[in-house]
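For reference, the structure I am asking about is given below.
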Amino acid sequence: MTRIQYQDCIEACLKCMNACNFSYVSSLKEYDLALLRDCIRMDRECADICAYAIQAMTRQSPFVAEICRLCADICEATARECGRYEQTHCRNCINACLECARACREISDAVAVMI
Amino acid sequence: MTRIQYQDCIEACLKCMNACNFSYVSSLKEYDLALLRDCIRMDRECADICAYAIQAMTRQSPFVAEICRLCADICEATARECGRYEQTHCRNCINACLECARACREISDAVAVMI
Amino acid sequence: MTRIQYQDCIEACLKCMNACNFSYVSSLKEYDLALLRDCIRMDRECADICAYAIQAMTRQSPFVAEICRLCADICEATARECGRYEQTHCRNCINACLECARACREISDAVAVMI
Amino acid sequence: MTRIQYQDCIEACLKCMNACNFSYVSSLKEYDLALLRDCIRMDRECADICAYAIQAMTRQSPFVAEICRLCADICEATARECGRYEQTHCRNCINACLECARACREISDAVAVMI
């Protein structure tokens, strides 16, 4: 597993962090903020684990498989949460989260096979 | 500057992160959530820099002075923001932020003198 | 699961981060640095996940169980790595890591039962 | 200052974090590890602040100017440290750090003007 092989997953995590943090900031500006409270919280959870996974991959952490698996779990939960809302920033989150989850599971499985 | 001398500041940062994140979670549960949108955002900003400063001190970062100065700035801004609200969790944040800011400036000044 | 119930685990994570980062800094100052390369790397991995777990608990993350389980896994691996060295800072790490792993598993199990 | 305007700086920070963490991992594998002890430490300091700055930009932090200024300072210090070594991974770090510092100062100055 070289740095280059992580590249797609790092990009997917960055896009997901971007989408989640954009949804977080956008939700906090909405008039009907109260409806979005769970979304706000999940967005930040997801952005945090994506940031953590990105750093872990760039430093070739010995725990990349475990960290990416956790990131995938949180991404999928965030996608489900975002699926409850009609806002564009929430809809955009769903795709970014699911794509990130897919990329993270690919890394996680690939690393697990190598050990 | 030994690890022991950082201890008080680490404790102040931990208390501040705790108060800010508690205020963040509590704000997201409030009925009048919309009034608290700026508070929610500042709480998380402050918790994040506190977490960063704690790690920096425990690893004796060469940039402790700069990191603690930034932490103090953000803590003071968060204290001002929390001062606009009557909620108990916001009032508790003010003290924790100001105490953390004070401890961070002490470290920052002490390290700067040594260099 | 209230904030208070997380307190012991937060303290254990802080002690572990402190011990690991102290071992990291101390290892980088050692004459026989080359012998400690794996230890240096694990120390930082462990400090990073401890910092992450602390923040997650203070913000009452919905993923506390999963994050603390990962933290426990990494703490145990770090304790095994540190067990290969005679340096005092490595020996001190072992206890801090094992104590943190124990506290994290307790939280992880307790949260899992509640869900 | 929109998300799109941060994009170049986020990319520069990601490249810098990548280069620094690659240098960190590579340094820890080197035979003459002892010569690289200061480099190892600076690499991780730089990677950490880059990760922090990336998240801050994606969440449109009210402290982007201050955080990016700190990131630039640490990048420049890391570039100076890496300039003392002949290893390819250190040479690659210099450029990535200086480019990141430049992008961070641009953001920092642009945001400061807007306030």
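A, B, C and D are the chain letters, set down in written order, and residue numbers restart from 1 in every chain.
Quick note on the criterion: contacts are C-beta pairs under 8 Å (C-beta built on N, C-alpha and C of every residue); 3 or more make two chains touch, one makes a residue touch a chain.
The structure presented is a predicted model; accordingly, all values stated were derived computationally and were not measured.
In terms of C-beta pairs in contact, B-D outnumbers the other of B-D and C-D. Separating the centre of subunit B from that of subunit D, both taken as means of CA atoms, is a distance of 24 Å. Put simply, the C-alpha centre of subunit C and that of subunit D have 26 angstrom between them. Shared contact sites, meaning residues of subunit D that touch two or more other chains, fall at 25, 41, 48, 55. Taken as a graph of touching chains, this assembly is complete, with every chain in contact with every other.
Residues 3, 10, 14, 17-18, 21-22, 24-25, 47-48, 51, 54-55, 58-60 of subunit D touch subunit A in their complex. The residues of subunit A lying in touch with subunit C in their complex are 41-42, 45, 48-49, 52, 55, 61-63, 66-67, 70, 73-74, 77. Those residues of subunit B that touch subunit A in the shared complex are 25, 28-29, 31, 33-34, 37, 40-41, 44.
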